[in-house]
């Protein structure tokens, strides 16, 4: 059983009627709803307004894979909470960062780059599967389209990914490394570009399948009980 | 259910009494015996003396993961059989090449380097897990030893691996990238250094666990029904 | 001084008036003309109609970086010539494969995949620099356009590149890993997508700069006098 | 001309007679002394006791490649200075971290892992060149030895390196990824294990050659005048 926590800052859905109509249970609720139908997953949600920003030590200890959606409130996540998440990833917890979560604090701590990109509001996106042997690509077609998605464009300032699973094409002239994986210590991470809050992206079957695949791929294979420290060898 | 075929040239075990004593059912038989106890695997064997070098189109079509042990008879594998194996790997079949199989024809076709190395007969080896987040490292300690193993030493002429999962240390002064992964097309490969025919390496629980992990990791996630061809896009 | 050989099958330019008008000295002549102005390069040309397919052992021994353009006559390059080129790359010679040379024999031997892709005749291409720290990207803008280029589209069946330096976007809906690097043994390779024979791509200053950068990057750093062999360590 | 700054915390050499005997000008002085003989390098030194920890904005702006040696005083480098260094690396400055600098603040900021390892005081080390096509390996033998070096052992908690150029073997049973490269944004980094302060490692010709190669490899190819920011595309 994979213990999944879907974390969401949960701001846009409460502030804007049009977004609430798309995601009446919040983006986190939408993602929980489709994941919890999977027999090998046990899913809960957490949001920024909870104690410890919804990212307590206890919650993280009981989380195998953390899914993260954030956009307007990256700076409201405390440095302590961000550091806890980063530490748990290094110890083995999986992290799936969606859309504007490219800019979330834990990812910046773990990857060390500016995570900046170019963007534009609405465009048509096509995604191409460029790592067909990767478990996250299982059952995903070679190419699929999203009629409306926020355009993200290179240069995307990430470290060289372990794998580029999906490449994005945008009608008005952009490309983006849309699905990329990283490892840090014992933990695995997947960043996935689609998911602007105004569009029903997380209802798309192909997007759901990718997130399910990513959860299974990112589960810890060797989880540590504490962060690593330098060790002197004594014979 | 993962359909595993254990292929062995099966020569040393028939020629030499001392090797037959270590592997009375052949190396392939020893590997089959421990894999077939796994509930998610269906295992069969094939050997060089069978028709089509034991590597018929039919057998490969029914194989999800091919394990390969060879040493004395690499050149007796026909070019046709080697090309069939390489094509099936590109289409998605997993390939696990053990020990002196670094020099087998399919691996050379798929990797494009000389696959040469330095070697010496008997030494003590320690293996270090250097990719603790990799599924092949699941449950494997950070360091473990093999009291007797053939020494393989760098420079090992392989392409840059996708992952170096295990690094080998040898008492008399050698290091080796002992467990390495590659992808080609839709297929995944794992090369693993231990397994000289004179030593009971494949009876070691840690080695068995690594091979089991590798089988699960190398299963096809998107298998093609034919080799890829250039395709002209017509709107 | 970097000794560069520009190899071209040299067929289209002789057969078709419209192509000869674009490249009156052949594509190889055009590339030689701009490279030979560089103070650190000594450039010569070779073509398929020469003895040994223009790829004699002597020529390769005297070549630091081989540039390859081919399209219509991949099969007319002898297996012996292709094997010689691959061996020299493994020994340290640089190889720059341009446009339809994705399908040339030496690259297939060295990379082990089908090298297939999707294609369509004419489109507008934009290229994005996605590895700004790479020497091949020195002085190249973050994005530049080619008004007319043949469209190449994913899935491009290559092994995972060491670096993706350039990503291509095409107006009619395609993306492509347009500039990618590989190493095999002591040799370095760069594949670069632009360069359809009907368009004046090799007159573009940005394309010329990329090819110059690639020549400098691909020069041998440690060249071997013979191919590697397995070596037994004797104390 | 490559502008090199050799930064050293410069503590051991002042505190301990035996270390001062090995490095009477400090480790930084020793490294400057051999680098400044190179015609294409302009070298200066900086130490922790200078204003701004010796890492002022002005100095970093005038530095193409920063070499870093630190051990006892990682925490005395201010967070501001560490952040400045990391920002300059992302903008294109090269960084060469030596020996116990695996634990320096800028590297931790840039790489995101714990950078922990196992260690033991004195051992014999052999280094193997495992990326013979890499510019840092130019002119370096396939294997060389250091009679006395501090033992560093796996698991070394680094992100997957772009390249592992050197692998270390230690007599008492350890392996280590001793020479590894990373890129972040426009900057390139090389971590190199040898260089314990009690041993004359930086007088070894092969070690000097590696550091010279690394300086040339790490020079900026595209330097930014400011850190990147998210950019909205407006047509």
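A, B, C and D are the chain letters, set down in written order, and residue numbers restart from 1 in every chain.
FYI, contacts are C-beta pairs under 8 Å (C-beta built on N, C-alpha and C of every residue); 3 or more make two chains touch, one makes a residue touch a chain.
Everything quoted here is computed from the prediction, not taken from an experiment.
> Higher C-beta contact count, A-C or B-C?
Contact tally favours B-C.
> Could you find the chain whose CA centre sits the greatest distance from that of chain C?
A
> Indicate the whole-number Å distance between the mean C-alpha point of chain A and the mean C-alpha point of chain C.
37
> If you average the Cα atoms of chain B and of chain C to get two centres, how far apart are those centres in Å?
Each chain reduced to its C-alpha mean, chain B and chain C end up 33 Å apart.
> Could you list which residues of chain D touch at least two other chains?
If we look for residues of chain D contacting two or more partner chains, we find 131-132, 153, 155, 160, 162, 174, 183, 185.
> Which of the residues in chain B come into contact with chain C in the complex?
86, 90, 103, 109-114, 116-120, 151, 153, 155, 157, 159-160, 162, 172, 174, 182-185, 227-235
> Which positions of chain B touch chain D when the two form their complex?
It comes out as residues 126, 128-132, 142-143, 153-156, 160, 163-164, 167-171, 173-175, 177.
> Provide the residue numbers of chain C that touch chain D in the complex, in ascending order.
For this pair, the touching residues of chain C are 92, 131-135, 137-140, 162, 183, 185-188, 221-222.
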